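Data first, discussion second: the structure below is written as structure tokens.
We just call them A, B, C and D in the order they show up, numbering each chain from 1.
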Amino acid sequence: MSHSYRLIVSCPDRVGIVSRVSSFIAAQGGSITEASQHSDLETGRFFMRYEVRADTVGITYREFSDAFTPIAEAFDMDWAMTDSQDKPRVVILVSREDHCLTDLLHRWRNDELDCDIVGVVSNHTNMRPLAEWHGIPFHHVPVEAHHKAPAFAEVERLIDDMRADCIVLARYMQILPPELCARYAGRVINIHHSFLPSFAGAKPYHQAYERGVKLIGATCHYVTQELDAGPIIEQGVHRVSHCHTPRDLVRFGRDVEKNVLARGLRWHLEDRVIVHDNKTVVFA
Amino acid sequence: MSHSYRLIVSCPDRVGIVSRVSSFIAAQGGSITEASQHSDLETGRFFMRYEVRADTVGITYREFSDAFTPIAEAFDMDWAMTDSQDKPRVVILVSREDHCLTDLLHRWRNDELDCDIVGVVSNHTNMRPLAEWHGIPFHHVPVEAHHKAPAFAEVERLIDDMRADCIVLARYMQILPPELCARYAGRVINIHHSFLPSFAGAKPYHQAYERGVKLIGATCHYVTQELDAGPIIEQGVHRVSHCHTPRDLVRFGRDVEKNVLARGLRWHLEDRVIVHDNKTVVFA
Amino acid sequence: MSHSYRLIVSCPDRVGIVSRVSSFIAAQGGSITEASQHSDLETGRFFMRYEVRADTVGITYREFSDAFTPIAEAFDMDWAMTDSQDKPRVVILVSREDHCLTDLLHRWRNDELDCDIVGVVSNHTNMRPLAEWHGIPFHHVPVEAHHKAPAFAEVERLIDDMRADCIVLARYMQILPPELCARYAGRVINIHHSFLPSFAGAKPYHQAYERGVKLIGATCHYVTQELDAGPIIEQGVHRVSHCHTPRDLVRFGRDVEKNVLARGLRWHLEDRVIVHDNKTVVFA
Amino acid sequence: MSHSYRLIVSCPDRVGIVSRVSSFIAAQGGSITEASQHSDLETGRFFMRYEVRADTVGITYREFSDAFTPIAEAFDMDWAMTDSQDKPRVVILVSREDHCLTDLLHRWRNDELDCDIVGVVSNHTNMRPLAEWHGIPFHHVPVEAHHKAPAFAEVERLIDDMRADCIVLARYMQILPPELCARYAGRVINIHHSFLPSFAGAKPYHQAYERGVKLIGATCHYVTQELDAGPIIEQGVHRVSHCHTPRDLVRFGRDVEKNVLARGLRWHLEDRVIVHDNKTVVFA
């Protein structure tokens, strides 16, 4: 299978966008393997994602991208073009719970996640053997309860050193400082262990248990400066009953968390997620 | 099929309860067709529900019930015994949306809901033909926006006149006054059109749309004095995406609402729901 | 909201289709409100569905459709253009079970199904009051067990008289003769009460019970000459356990059936389903 | 938390069983932490599972078990008593796909599976590092396509050497010879990658793709001499559409398979599954 070029667009809706874009692609001989569009009738915004077989395009990626620029300007587009063979560089931040990390690494090894995982950072050391068994550098950055700034400075330095395109909080259990959230906006993906907006904050499974809900959930979202309030990428739920203790909820929740995070991350890595107004368009 | 006696128990957990209760039933020749128990290890509370074939019990229902009283006292039980042939009398309160009412009446006609529906009360008149087609008395009680007390007094009078055992708010869209909630505690079932505790209060689908959630839900719960905060009986969800407008959410929500309400009500009518500490044990 | 023109295309995939079609639409000023495409990489077939706001198109529907014909020919398209204000005429065939019919009529009354329901045909009479309460003509066509031909001739005559665009077997429980299946190919929608291909044929819930499955299902499909083997439009499942009797399975199944049928029919009516090679593309 | 004794019973239903059993337990001071019963009204069979806190029972496990024997005989019971601290010994058979093995080992390390995994046997070698990283002996037993008997003799010898209580076919992709199926009846658990009885046999995802189903599934079942026809413990499904290639189905299927297998195995290990008439009672 050839690699592909992905064109991601968000712009004010008007007549002729699809025509202009698809004609441009056809003029280069580009064979479209996947096309998704969405007209948001409430906001008048248009979103599209095209996947084009690279080997059918008669010019180079750079030329292709440059040639598109005037069209983008004419339609006032927020846009990106990516080449599927330029794999995003992913850093995973993790605390002591290993289910999300294990799951992501397994999927990565099985080619379900099209990226390079370039490092695992943790405030604990127990994930080191797992990361290293997968051949991934492990960085231990302890976080002191009342003096966290140095740790986050170190995390930031590591992320920069590793030239990360995407940071995954795979149950990191630490709240990133606002300036980091701002700096990496749209590139930090978190898994929250509740069905947001219910049970934001700490110990959501215990909150859910106390409230007596009949379904628990997990939410994959982009991190913003406001805690657990960023754009939601994906959610999932699991049925519970009076039989289940908080410990059972935690156990069921692990399965939901890892599946929801894996789906959300996969979509992000394949440029299937577009953020607008604190919400996401997901061309799954 | 014979009718059955149902024994519902909630009491402090200790050794010997099941033995004592089941021996009592066996001594009367009672054949147990369904037995459910739950030991809540957090609260030390024990819950049980036994269903016994009435035609295998050698004594009358009254004698059976009386004979059980000393056991109940010995174990400090909250308990009830019911006869499945004494059908609960149900009053349905409804506003202008008909999906829940249509669904409940259809299930009732198909013997899915073991009750007598003795009346439909509405602040609008458009449900009258539907109710009357099913042979159910319809009562129109308009509610004035800034002067609701007389309406609720009339609703209360109707409920009493109809000797209702159970009041179903099938999208009634009115908040019952606290004294009614208190008076009918454990007997008023509401369907809320969100996945509580998210989006309590008004226009939950629009709240959900604004937040950009990927699943919407509905919650069937007992009404208490605190709005949308009573014990949850059942919940359900439906997947949504960026494609869906608030109108779509409302449409998907109707299906979730009616299914969740129907399940919750069915369980209530079959004495499968026990409330404790603002949570429910549901022996579904 | 304006009505819309829907363009449905299935053709061999090649470079330039989207460009040609979207340029055609843009040239008429057409505003695309919904666009779906699918390139089937296994078969090399391309499918698309565009929805265009009628009030933005500068020419008449007939002119619009005529002008598209040369493009369709150039790309060897199977295609259709429809106007959303030309509502399909639907006839529902039903036997003695009323859950699907009740559900469809309720959704129709609530504007969830964009069609005219022009008649209900049944081999029994018990659905007459329900149909007539909704103002729909009811036709009783008894089917004699060993002499069915006259009944099916009468059914065919009724369908033709009513100029039905779509025939829904809403638990009709009769096998249509092959010549009718052939004549109305792609226009007859059935709900089968199992998760096909499991448990085709009679009494699927009892087959499921005997096999001890843990999920039961229902399948909405187009009727073809081979029993229960036509293109599948939609499926759904419901969890069951050892607790459940065949009667419970039938009860759960009713909910799955009606939801699955309603979704499948809605998609069909909105021209969202394209059949190819005994499979469906569903632009849901 | 104390360990517990589990009592599992299957016998003809009659009045007095629960009374007799629970009185026996109460007489020893036994505190019941979980109790499940099921009366199968079709077959007249009764099933129960009681979990009793070991530290509340005044006699030894052996005495407790011996004392129960006369009751079991009086009621013609098939029965077992187990001690939760006697962990079952599990051998996992696997081929080249690692998702089920990875998942089981991860859950086991996280105390979700209460057993000792005593060995991994494979006809390939690529799982060796994974098994050994978890400290589990790995045995490579190649299977020759047209001369399989020696391999199965070796597998049998290994199973016996390891004194396995339970054999898990975690995508083993080999059909066990009938005599092994017979010898280990009720102890071999397989995950089949389809929603049985649909798509038994080879390449189920491709069969599913060809048929155009809208949900794919997986089935965890006990292995019997008849291929893919043993008692079903658990099933799950995943939604698919025309967008998805066979490769996507395989990918989605992996998630369903591992979750369904993990649930089924967990229930088996906790003595929650009782087989009767090629069906299971699962006290989940």
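Note that a contact is a pair of C-beta atoms (placed from the backbone, for glycine too) under 8 Å apart; a residue touches a chain by one contact, two chains touch by 3 or more.
On a predicted model such as this, the values are computed, not experimentally measured, just so you know.
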Subject >> Between A-B and B-D, the pair with more C-beta contacts >> reply: A-B
**OP:** Check A-C, A-B or A-D against C-D and flag the pair whose interface repeats it, over half of the contact pairs matching by residue number.
**Re:** A-B
Subject >> For subunit B paired with subunit D, centre-to-centre distance based on mean C-alpha positions, whole Å >> reply: 37
**OP:** Let me have the rounded angstrom distance from the C-alpha centre of subunit A over to the C-alpha centre of subunit B, please.
**Re:** 41
Original post:
Which subunit D residues sit where two or more other chains touch them?
Top reply: 41
**OP:** Going by the contact rule at the top, pick out the subunit D residues touching subunit A in the complex.
**Re:** 98-99, 102, 106, 110, 112, 129, 133, 251, 254-255, 259
Subject >> Contact footprint of subunit C on subunit A as seen in their complex >> reply: 13-16, 18-20, 22-23, 25-26, 29-35, 37, 39, 41, 56
Original post:
Which part of subunit A faces subunit B closely enough to touch in the complex?
Top reply: 38, 40-42, 47, 195-199, 211-215, 217, 231-237, 241-243, 245, 278-282, 284
